[in-house]
Amino acid sequence: MESMSLSEPFWKTAISKVEPNKILIHGYNLMDLIGKYSYADLTYLLWRGELPSEGQSRMMDALLTVCLEHSLNAPSVDATIFVASSGVPLQTAVSAGVAAIGDWHGGAIEQAAKMLQDGVAEMKDGKLSEQEIAEKILMERKERKERIAGYGHPTHTHDPRTRKLLEIATETHIAGAHSKLAEKVEALTEKVFRRHLILNVDGAIAAIISDMGFDWRIGKGFFIVSRTPGLIAHAYEQMYESRPYKAASWKEIVYTGKAERSPPTV
Amino acid sequence: MESMSLSEPFWKTAISKVEPNKILIHGYNLMDLIGKYSYADLTYLLWRGELPSEGQSRMMDALLTVCLEHSLNAPSVDATIFVASSGVPLQTAVSAGVAAIGDWHGGAIEQAAKMLQDGVAEMKDGKLSEQEIAEKILMERKERKERIAGYGHPTHTHDPRTRKLLEIATETHIAGAHSKLAEKVEALTEKVFRRHLILNVDGAIAAIISDMGFDWRIGKGFFIVSRTPGLIAHAYEQMYESRPYKAASWKEIVYTGKAERSPPTV
Amino acid sequence: MESMSLSEPFWKTAISKVEPNKILIHGYNLMDLIGKYSYADLTYLLWRGELPSEGQSRMMDALLTVCLEHSLNAPSVDATIFVASSGVPLQTAVSAGVAAIGDWHGGAIEQAAKMLQDGVAEMKDGKLSEQEIAEKILMERKERKERIAGYGHPTHTHDPRTRKLLEIATETHIAGAHSKLAEKVEALTEKVFRRHLILNVDGAIAAIISDMGFDWRIGKGFFIVSRTPGLIAHAYEQMYESRPYKAASWKEIVYTGKAERSPPTV
Amino acid sequence: MESMSLSEPFWKTAISKVEPNKILIHGYNLMDLIGKYSYADLTYLLWRGELPSEGQSRMMDALLTVCLEHSLNAPSVDATIFVASSGVPLQTAVSAGVAAIGDWHGGAIEQAAKMLQDGVAEMKDGKLSEQEIAEKILMERKERKERIAGYGHPTHTHDPRTRKLLEIATETHIAGAHSKLAEKVEALTEKVFRRHLILNVDGAIAAIISDMGFDWRIGKGFFIVSRTPGLIAHAYEQMYESRPYKAASWKEIVYTGKAERSPPTV
């Protein structure tokens, strides 16, 4: 626990400025942007401080739509519908879904982006080739018995979203060293782990946002924005088109704990 | 508390279908949409079941960008930065901000949309004119001493976002009976309340989504999606560019409770 | 949206006062209380401003333990485990469970307490007897086709928690007009609805906290405090004794939406 | 992302068993416990699987009351009041406060408990003395320029809660190797860091729960349970005794970002 410095103002931000009848985002008047720039463009502006080029704009839209929806086959959506079933406002249910975008669910974007950014930085030092970096990444995780963030998927045997993103990254000339390294790592998984681990959508997003120059620590932001409209759709469906109070039935819950017993007589 | 019907499947949805290597949203393969349709288009698809027309697409983008950011001058952003300061992952802080999109903060969209949809439905019955409906809306709330959802603003004396949205609604031929009624209500506020209450951004969104045929109960969804990139930007700024552990200083907290006293001796 | 009055201090509370090396709660030094008063006692102090009597203390402990745990047969617990499975800190998962303590899950405490407090207030006016108030409560809800908050249960045919709480309320001489009215309403359910609706644990808590003089709007607080240790236990079990990434399997999700189709060719 | 094993049941728990009219917690019927055991006792049961001894019971109550309340001088409470001000149900505001119990706010309990448990384990190996372990702990963190979890406080110059807890731990004969090591570390802070860092309440809780045999990973659970009644009190005060829509005023927000500019003309 550490206190705020007393010399700095309590309320401070570099993102935007509000005064009566005017809202500036990174210096631009929001009114000059609405209707001309897309949601993806303005998300880019918010996170980077500048408006995107045409290619970056197209790439942002793809990055923010690729994880829109994955049915109930996702912890965030399942958390959302249980909360939505309990009699709460829409935003409360969505909030619980956002909270579930954790290290094993969307969070691989950050870990994979860090891994790729570290790898490319090491390549630039010039001592190791792409092949050597990719092998090193895999061997280190094999030794530590860690999973490789951004690779493998429980449902998809190849992740169609990965190919789609990499196609657009190539068309927009955004694909660069990080995307190449990501594909090299995939190619070597079989050699190191004796089974092919696909580059999944988290890994593809990680590679592309790294090629775009994003800090890896904003990685989960892409998943959050992308999944939010889906969480809203599921919350709405649960609240207004389903029965309330959704819970596991006591008949289906397997109890593996202590047998019935009496408390000590005092 | 009421149980689920045993005859219906526990996991059920009409929104999307996932199977290995395929994701369908309302029947469309997500891979056929990415790169062709914008984030705003696909949000429309998720919530309405169909792809938008060109005008609807443009309107959606405006609706989803208009509340992107309002600096620290919003409960959702303030909640986000306190949570972000406590040492949590990005999504946890964003989740708290989403939870704060309550009835007094974005929630007016739903209440205003319901008010306008009820009003227009009553007009269609043909017994009351637009003027009469608008007066009735205002008089009822005056009698009940209720605020009028979607009107008035604590910071802006006219809300620039309102004019921008209504302009685009006119250009795209979306503006209809609900937008007209919303403006009529604004025009009469001075007569009924003796002070002009501006149609604020919540009220403008409410009017336009009503003209687009949205259920009023999805209203908060527009605010949630619009504000999320801003919440992420503020969470990131607090986590990585500010000092941790942000809290009100004990020196500035005014205590208005009971004076110091001793517990009873037992 | 309404702004704070500029004349009142931004940070203000009547609950407690912190200064270096001293924490006062409603005037008492926390250091004088720890070790002498129980958690239930101090919760009473926090919410009421005074320390409880011996009977109130015993009743508080019963009220705060009665909803401790209900296995996975509750939306709050299910929401907790999905969030916990996604790779987040303990408190994030617990937070999602707390968010699910909505109107259909614990929330009946507030609605039932309001119903009983209104009923007893009406009795005190002297125009209607307890029997008449109870009938009126049931008839009004029957006409509006509303459920009766605090009555009926999806799993239990009689709620053992109800009897236990009412026993202790009698022993501690706390049971009064609200508890009596709650039982009268239960006794009449069969006459009005043609089936017996049991007074459930929410209804029993509602009656007793009303007899203790609590505002009905703090009702959910009892459920939140009571359930939190259970949410923590389930979050821990999911995080450290189960497999990560819990989600509904795509094979078990029934899709009821639109058939596969192609987007329009533009 | 990793899927659940298909062979294990989807809904499974060792904590409790619910069937109609019966709730077992770790084998005990909840109805046999209510009224006999305190909230602190049953929290112990939930987390450890057994009922506490008399000393453990007293210690639990102290551990769960010591962090009840810290006025608005805490990120969790501040987050709670902003969310509460936005027009949401009570539990939504409390949920946001729980989410803010992060690594810098209560979270030090877990880190400190791990540090002490590792230290005591190393002492038991017999190679290093308590003094040497304490020095090693401090030197390692000094070299890594890390703070020492559980030491120092932004408001209190000595944390009165620490002494109170250690007193009760001594009286109940719970204080053991972890508490001794915690105090030894405090005693050496001045030597290593040239300023005295007090053992704060997080550190004291960490030491005592370690002496009680708790896994360090349940550490935040103590803070969550302890703070929840306070969060509820603050949410209630904000919702029902304060003005709605609490937000930083635009006049007090210091903007440090880009100067006003125009978007590129296309």
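In order of appearance the chains are A, B, C and D, and numbering begins at 1 in each one.
The working rule: a contact is a pair of C-beta atoms (placed from the backbone, for glycine too) under 8 Å apart; a residue touches a chain by one contact, two chains touch by 3 or more.
Quick caveat: nothing in here was measured; it's all calculated off a predicted structure.
Peer 1: If every chain is reduced to the average of its C-alpha atoms, which one ends up farthest from subunit B?
Peer 2: Checked the centroid distances; the maximum from subunit B is D.
Peer 1: Please tell me whether the contact surfaces of subunit A and subunit D are same or different in residue numbering, using the over-half criterion.
Peer 2: Same; most numbers are used by both subunit A and subunit D.
Peer 1: How many angstrom between the C-alpha centroids of subunit B and subunit A?
Peer 2: 23
Peer 1: So how far apart, in whole Å, are subunit A and subunit D when each is placed at the average of its C-alpha atoms?
Peer 2: Going by mean C-alpha positions, subunit A sits 28 Å from subunit D.
Peer 1: How many angstrom lie between the CA centroids of subunit B and subunit D, rounded to a whole number?
Peer 2: Chain centres of subunit B and subunit D, defined by C-alpha means, are spaced 34 Å apart.
Peer 1: Counting only residues that touch at least 2 other chains, which ones in subunit B make the list?
Peer 2: 1-3, 11-20, 33, 37, 71-73, 88-89, 91-92, 95-96, 99-105, 107, 154-155, 244-250, 253, 255
Peer 1: What kind of graph do the touching chains make: line, ring, star, complete, other?
Peer 2: complete
Peer 1: Using the touch rule from the top, collect the residues of subunit C that touch subunit D in their complex.
Peer 2: Its residues touching subunit D are 1-5, 8, 11-23, 25, 30-31, 33-35, 37-40, 42-43, 46-47, 58, 61-62, 64-66, 68-73, 89-92, 94-96, 98-103, 106-107, 155-161, 164-165, 167-168, 215, 217-218, 220-221, 224-225, 228-230, 232-234, 236-237, 239-247, 249.
Peer 1: For the complex, give me every residue of subunit D touching subunit A.
Peer 2: My answer: residues 1-3, 9-20, 24, 26-29, 32-33, 36-37, 49, 51, 88-89, 91-92, 95, 99, 104-105, 108, 147, 152-155, 200, 202, 248, 250, 252-264, 266.
Peer 1: Inside the complex, what are the residues of subunit B that reach subunit D?
Peer 2: Residues in contact with subunit D: 71-79, 82-83, 85-88, 92-93, 95-96, 99-105, 107, 154-155, 244-250, 253, 255.
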